[in-house]
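Here you go, one structure.
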Amino acid sequence: MRDAVAALVRDGDTVVIEGFTHLICFAAGHEIIRQRRRDLTLCRLTPDLIYDQMIAAGCARKLVFSWAGNPGAGSLHAFRRAVEKGEPPLELEEYSHFGMVARLSAGAARLPFWTLRDYMGTDLPVANPRIRRVTCPYTGEVLATVPALNPDVTIVHAQRADAQGNAQIWGLLGVQKEAALASERVIVVVEELVDQSVIRADPNRTMIPGLAVDAVVVEPWGAHPSYAQGYYDRDNDFYIGWEATSRDASSLTRYLEEFVFGVRNRAEYVERCGGLERLRASSRVCAGVNYGY
Amino acid sequence: MRDAVAALVRDGDTVVIEGFTHLICFAAGHEIIRQRRRDLTLCRLTPDLIYDQMIAAGCARKLVFSWAGNPGAGSLHAFRRAVEKGEPPLELEEYSHFGMVARLSAGAARLPFWTLRDYMGTDLPVANPRIRRVTCPYTGEVLATVPALNPDVTIVHAQRADAQGNAQIWGLLGVQKEAALASERVIVVVEELVDQSVIRADPNRTMIPGLAVDAVVVEPWGAHPSYAQGYYDRDNDFYIGWEATSRDASSLTRYLEEFVFGVRNRAEYVERCGGLERLRASSRVCAGVNYGY
Amino acid sequence: MTYSPAEMMATVAARELRDGEVVFVGIGLPNLACNLARATHAPRLVLIYESGAVGAEPERLPVSIGDPSLVTGSLMVCGMADVFQFLLQNGRIEVGFLGGAQIDRFGNINTTVVGSYQHPTVRLPGSGGAAEIAIHARRTIVISRLSRRAFPEAVDFITSPGHRMRGRTRSELGMPGAGPVRVITDKGILEADEDTGELVLASLYPGVTADEVRAAVGWPLRCRGTALGVEPPGEPELRLLREVLDPDGLYLRS
Amino acid sequence: MTYSPAEMMATVAARELRDGEVVFVGIGLPNLACNLARATHAPRLVLIYESGAVGAEPERLPVSIGDPSLVTGSLMVCGMADVFQFLLQNGRIEVGFLGGAQIDRFGNINTTVVGSYQHPTVRLPGSGGAAEIAIHARRTIVISRLSRRAFPEAVDFITSPGHRMRGRTRSELGMPGAGPVRVITDKGILEADEDTGELVLASLYPGVTADEVRAAVGWPLRCRGTALGVEPPGEPELRLLREVLDPDGLYLRS
């Protein structure tokens, strides 16, 4: 992870770490914090705890997002301090979920914009003049548009991949495929590195083709406190606890000192957290299907 | 199948039977021929043998398509007779594959058009004025558009579904998802009807949600001479033989008399074909994945 | 049998759902309401989460719309591009649930900022999928506790459009869905007036007066001619809620 | 060792491919050329079919681009919307193979009609994915046997654009890819002139004269100053083609 981030994430980059609740790559976020990247434009539908930590650590210049909360538990207080008090200052560019999905779809399709029927009656286009309109060349209807998002680097966590980065994901798929294919550079982080024969045995599960991947990093528990279907459950206690940790800037700093700067890598993080085995997934293995002919 | 076609396919309808080489529902096409539907607008990327038969049988008023050949074997001669000699007359509306995919994507997204970077320098927009242009509200670039395609009825063949029509497909996916969700009415035809627990065991394989499906028909071998991955191979000899069968209008008519009008249902067709067991798929079952948490 | 305001709200919301409907669900009370409806009068309800899970049957109380329990055993899991384009924008969603920090006279909802957008007093999470649910779901149901702060005359920021936005109606703006037809509060139910789109008091919970509701709303609240009483949750409903659906009282206690 | 024109064409096409490239493959000679390249100098070639199979390693000779053998054991299978939007339009395809009934002076290809569009003498299959491959692949390679009918001065219908279309260039029209850089025929190789976009004779196969090629082309064919000879297929290439890749001689016999 250290090498991949050192080589592929640069100061000033537009960075996407995607994953909707599922497969959020905290391991990559922590490494970016440790390497003290600066002036990043962080993009995600849900900034979640990982961007709250990166904002608190001073990595972010700007946030592009659609829902900035701690689901079921409260606020992202580093984000709120930045926006409400300018500590540190943070530029915002705000859409709805559909708008962010559409931006990444346009980016992956290498179109300059995406069309959606959305935003009429809302104040979002007032707050964000990048939400515009286009007229249908058939019906004359006026529809909303969002501009393509083409990140410099996208980091995706997957359950497994081969050494070339052909990555398989199951469970919630979010916008990982779109984000990866929209991006200039792609890091795939996996719970398990598998032989290519495992990938080839079930090609419909491959979400990101290796031809789009620049680095593959193996990082078990890399999505904690988020989750990996079939590997470990979400650490809901950690999410609930974040409300207290993040509400106070100094306790958040202490958290970063201990769990990010205070460890050298993910293995040390896992050890420091302790007891993560309690989150280990139960077994609900589905049957295979026949690819014969 | 008889009831589903009787209830859901009407004279004058815009009909899509999708499936790219894989899972082409000949069973439904034959039933439409037997029920002597007329004035249909037939839409498919590749008309393939099934629409050649439907054109020969007089079901079609118009064809919307992107590649009308017999892959690897020659021509669709009923199609060619209609276009070259007007026997019977057939209106054409022609796109490229990407254009057809984009039309169905727009239809499924209920947008009036879809944007693509395509068609510059080709004569297709001259031949088809429905291919138009739109200007990007961000960059000023001019891009191509195609209009949405929202069929009256779409018929999709799938490996398996539950009684509500939650349909699972693996192998080539084509544009079945888009076609089904673009359509007013949907018929799902399956090799196997399975208990809903089979579907729920592997939800990432579901391509079409039952909430969009109007009828589920169980029709083993329903895609022959096309194929169903994991069930049976493509009948390549039949495709090669079609060149001779279709080249002569009267031999094509004899084929229809014997294999379509001459049988009451798919089971009789399978019996009349004889020896289809030679196409039975070998076993290449993949491993399952863990959906536990 | 006594019951909490949350139990009342969940029960009332459940009753709004018809069997077989396709519902876009949020976490908390909407999720409980849907599962209560499934366990009682609407077993064929189809629950869709913006995370991509369709037909979920969670074996535990999900704590987020991306909870793994929504995936395991669901009918379909698809990417979010499919959810928003091919299901929501496609018009397949019959009911959407919304909530928010502020709901105004015309059913507009604010989940973005308290104060000005550039310099907010309180920065809220933002839209998520709410803006498009408000636009596309055939009808939406809002769940929120009454207070003058939560029900101002006009919201500070329209995140999710209601019935009249800066003077313009939904149909003038070309919105496919009918908008927030009911606002379920802890004291009674507000409904959109069909002509004006203004929220009016439609029903009162047992023991609540219209004046109590009026006092908690930031505009002169009109009352339907026939403001009805609302049947409180019965024993079967309460038992389901307490023993099966939210045994730890995560959402229902207050 | 003697060899057929098809064997020569497959061999020449294989040599055009560099290891690690991403190739959009068709059936027949392009497929054989790719698999020959993989078996010799380009083991890391990634084959993509418009049907959705990525990184296919078919265990038999596929007879269509939707053959099940392209799926079994491939790296990824995705829907066609993803193939065209996220791979081809995305710019990931480095080489595309094209063929056609007519190829003209500027590399434009016709697979639509002979004669007029409304009243064709011969109705051909149409574009399929060819139009967009011609536009987006970083470069395309055309494979076609020479004849005056197949190589007219101007095609009857431009299905897939070449280098100059009704006087306008690719860059004027904003096309991402470089277009048909090589046309591999049964007698020699044509290349697009970098300045004019016109196809010129670049290399001759053993025993063929420039006049023979000129006689089979419907425009005054110019010849590169240094028209090179082409090395014929060697024994290892021929053995692979005949014994492993097309043992039944489906595509190579003639």
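Every chain is named by a letter (A, B, C and D) in the order it is written, and numbering of its residues begins at 1.
The criterion applied here is as follows: a residue touches a chain if its C-beta (ideal position, glycine included) is under 8 Å from a C-beta of that chain, and two chains touch if they have at least 3 such contacts.
Worth saying up front: this structure is predicted, and the values here are computed from it rather than measured.
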Length of the shortest touching-chain route, chain C through to chain D: 2
Pair exhibiting more inter-chain C-beta contacts, A-C or B-C: A-C
Gap in Å, rounded to a whole number, between the CA centres of chain D and chain B: 28
Centre-to-centre distance between chain C and chain B (centres being mean Cα positions), rounded to whole Å: 40
Mean-CA-position distance for chain B and chain A (Å): 37
In chain C, residues with contacts to at least two other chains: 53, 68, 71-72, 77-78, 85, 89
Per-residue multi-chain contacts in chain A, two or more chains: 110-111, 116-117, 141, 170-171, 173, 177-178, 201, 204, 227, 229, 233-234, 284, 291-293
Chain contact graph, described as a line, ring, star, complete graph or other shape: other
All touching chain pairs, where touch follows the definition stated at the start: A-B, A-C, A-D, B-C, B-D
Touching residues (chain side chain D, partner chain B) in the complex: 27-28, 50-53, 63-68, 71-72, 77-81, 84-85, 88-89, 108, 112, 117, 120-132, 134-136, 157-161, 165, 168, 170, 173-176
Chain B - residues contacting chain C, complex: 108-111, 166, 177-178, 181, 196, 199-201, 203-204, 206, 209-212, 291-293
Contacting residues of chain D [partner chain A, same complex]: 22, 46, 53-55, 57, 68-69, 71-78, 82, 85-87, 89-92
Residues of chain B that touch chain A when the two form their complex: 110-117, 130, 132-139, 141, 143, 145, 147, 159, 168, 170-171, 173, 198, 201-202, 204-205, 227, 229-234, 281-293
Residue ranges of chain A touching chain C (in the complex, touch as defined): 20-22, 45-46, 65-69, 71-72, 75, 79-80, 83-84, 94-98, 101-102, 105, 116-124, 126-127, 141, 170-175, 177-178, 227, 229, 233-234, 236, 239, 284
